[in-house]
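All chains are identified by letter, namely A, B, C and D, in their written order; residue positions are counted from 1 within each chain.
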Amino acid sequence: MNQLVKKIAVIGGVEASDLVSEIAFKVGNEISKQGWHLVCGGGSGVMESACKGFRFGRNELDPVRVMAIGVLPGDDADLANRYVDLVIPTGIGIARNAIITRMADGIIAVGRGSGTLSEIAYGWQMNKPVAAMGESGGWAESLAGKSLDNRRDDVIFKAATAVDAIDYFKKKFELI
Amino acid sequence: MNQLVKKIAVIGGVEASDLVSEIAFKVGNEISKQGWHLVCGGGSGVMESACKGFRFGRNELDPVRVMAIGVLPGDDADLANRYVDLVIPTGIGIARNAIITRMADGIIAVGRGSGTLSEIAYGWQMNKPVAAMGESGGWAESLAGKSLDNRRDDVIFKAATAVDAIDYFKKKFELI
Amino acid sequence: MNQLVKKIAVIGGVEASDLVSEIAFKVGNEISKQGWHLVCGGGSGVMESACKGFRFGRNELDPVRVMAIGVLPGDDADLANRYVDLVIPTGIGIARNAIITRMADGIIAVGRGSGTLSEIAYGWQMNKPVAAMGESGGWAESLAGKSLDNRRDDVIFKAATAVDAIDYFKKKFELI
Amino acid sequence: MNQLVKKIAVIGGVEASDLVSEIAFKVGNEISKQGWHLVCGGGSGVMESACKGFRFGRNELDPVRVMAIGVLPGDDADLANRYVDLVIPTGIGIARNAIITRMADGIIAVGRGSGTLSEIAYGWQMNKPVAAMGESGGWAESLAGKSLDNRRDDVIFKAATAVDAIDYFKKKFELI
């Protein structure tokens, strides 16, 4: 078994208010400070803000190689936002939501949207740790602290801040 | 363009109470009475009850050829419930949820579960008519009458009965 | 376990010479005469000719309900050829080739093309019976009678006629 | 548009002779020397040898961050070979072959097998530059220098050595 760098999926819509963009930026920023990869859908809105935050958080002198990974629905790599380091154009449409959650070690939901909702649901069904930013509105805020069904004993972790969410994952990964 | 028989996806979990099973049975039953195909995940619980209701509602003398279609996550066709007429073992895991909603002309949610939730979200995102059985508990009941996000002006139709749901789809299909 | 109607995938390109179209027509025709479903990519060329042959071979008075199933790469059901009875728009692009072969009980290759080649390879890898029309040119003709690798002891069956291919599948299905 | 690091897919079977393993090692080695990512199915055989060669070719002092990316069919990241840097467990089975070729900027086939064959076919169909190691046996050797169908004017590039293959991609990428 590989001792691999952790991967955190940041999920959220293509539209984002200033507040939600700022939250997404901080989330991405904290992920790179941990030396973890960021995974997202590679588009605009929450995804772009998270990737931008990730880039600015990354320590360029650090030997740990971490990347913002954009898993696109279509087959055109040029449609990724400019802060994506590794573009994965899948060509399988929004069925790629299942791959984003499958490849992630943990999932953070930021804000609204039905795309976000399908990914929260997938993350839960795949038994991944799921956190939701409690102040970000939309499905993330609605489902923070909730159970989606009785297959799991835990709940979606309600994170007040990006650091909160990171701490939740560190506990889940048994790093603290 | 083909004038094709309509396909309705019935989505719901592998576990179902007696009440939910009965609702699923009636939903399947009404779909076959309309001469429409039923699409589902092909498993037990809500899916099996719906397929059973479908089989008993089908007029065997009717020249309209309708089928209960089971779109399985795995590659073993034998895992379909016994009321499935056409088994589609996909081998793509729960990414097949995207195909169930993509191939359907309309979607009915019955009861609970995170799998159901991801399919409701996909149906909404794909701009399909989505109905939810209002008395069936779980995510179906919670989301009945709600909007998932602002990409659409309508809401998830809250159906009191199976006939209600059918009437909703007939209006959407401009059949009445 | 269900006693299900068999499904045969007919694979071939969107372009087809008159000879190849005629072969595809006969293959589709014989499949429906057996009371089996036909599965294909739902497009033009070999796929359309096979579906057309299927429609003309179907005994409309027969209680066995068989269908020409078109598994499309895109999400627009209207792009299916007009002889498809059941359209499955997948939205997953040519990754749908894996689903066509996965859902089939047997596979017949007609003619040329790299799409056909990927499906022959998938059929072999999934351990399905694969036949190739020996006179149809392209990859079907080149690979007829050949082994693709040593995971299997058999070869791709070289069929001189559509009836030949059907007989091969009947033996494989232990129907004769 | 991003100026992204190129990604080369190395495709080949889980079984590999000593000769084929050596070829795969050299191919992986040259890819990392170019500062490109390597993409593969993440398993044993050709995939493992290529990833191993990649690791030993990587200049650890180089600021270019390149990775051996393993795109697994299943959902268990622990099944990746130990030289994979970034594991993508897809959970979509061998339909993931379509994603490997879709995400790659160029494809190198090494050796035998029907899995390799489906990926060569996909690469061709997706209009990617495809090279095949001419001395590696199996489908790679058989198809080197050949056209798969008339959708393209070129052929699968026959590479005598790993450096040959790299030069072919550099020309295609207009780097020389």
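Just so we're on the same page, contacts are C-beta pairs under 8 Å (C-beta built on N, C-alpha and C of every residue); 3 or more make two chains touch, one makes a residue touch a chain.
The model shown is predicted, which means the values in this text are computed figures rather than measured ones.
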Open item on the list: When contacts are scored as defined above, which chain pair ends up with more C-beta pairs, A-C or B-C?
Closed with: B-C
Task: Interface residue overlap between copies chain A and chain D, same or different (over half shared) - done: same
Task: Longest centre-to-centre distance from chain C, chain (CA-based) - done: A
Open item on the list: Taking the mean of the C-alpha atoms as each chain's centre, how many Å separate chain A from chain C?
Closed with: 41
Task: Centroid spacing, where centroids are CA-atom means, of chain B and chain C in whole angstrom - done: 28
TODO: Indicate the residues of chain A shared as contacts by at least two other chains.
DONE: 75, 91-95, 98-99, 102, 126
Open item on the list: Residue numbers of chain D touching chain B in their complex, please.
Closed with: 75, 91-95
TODO: Enumerate the contact residues on chain D facing chain C in the complex.
DONE: 13, 92-95, 97-99, 102, 112-115, 117-118, 120-122, 124-126, 138-139, 148-149, 151
Open item on the list: Applying the document's contact rule, which stretches of chain C touch chain B when the two form their complex?
Closed with: 1-2, 4-5, 7, 37, 60, 63, 65, 67, 69, 75, 77-78, 80, 82, 84-92, 98-99, 102-103, 126
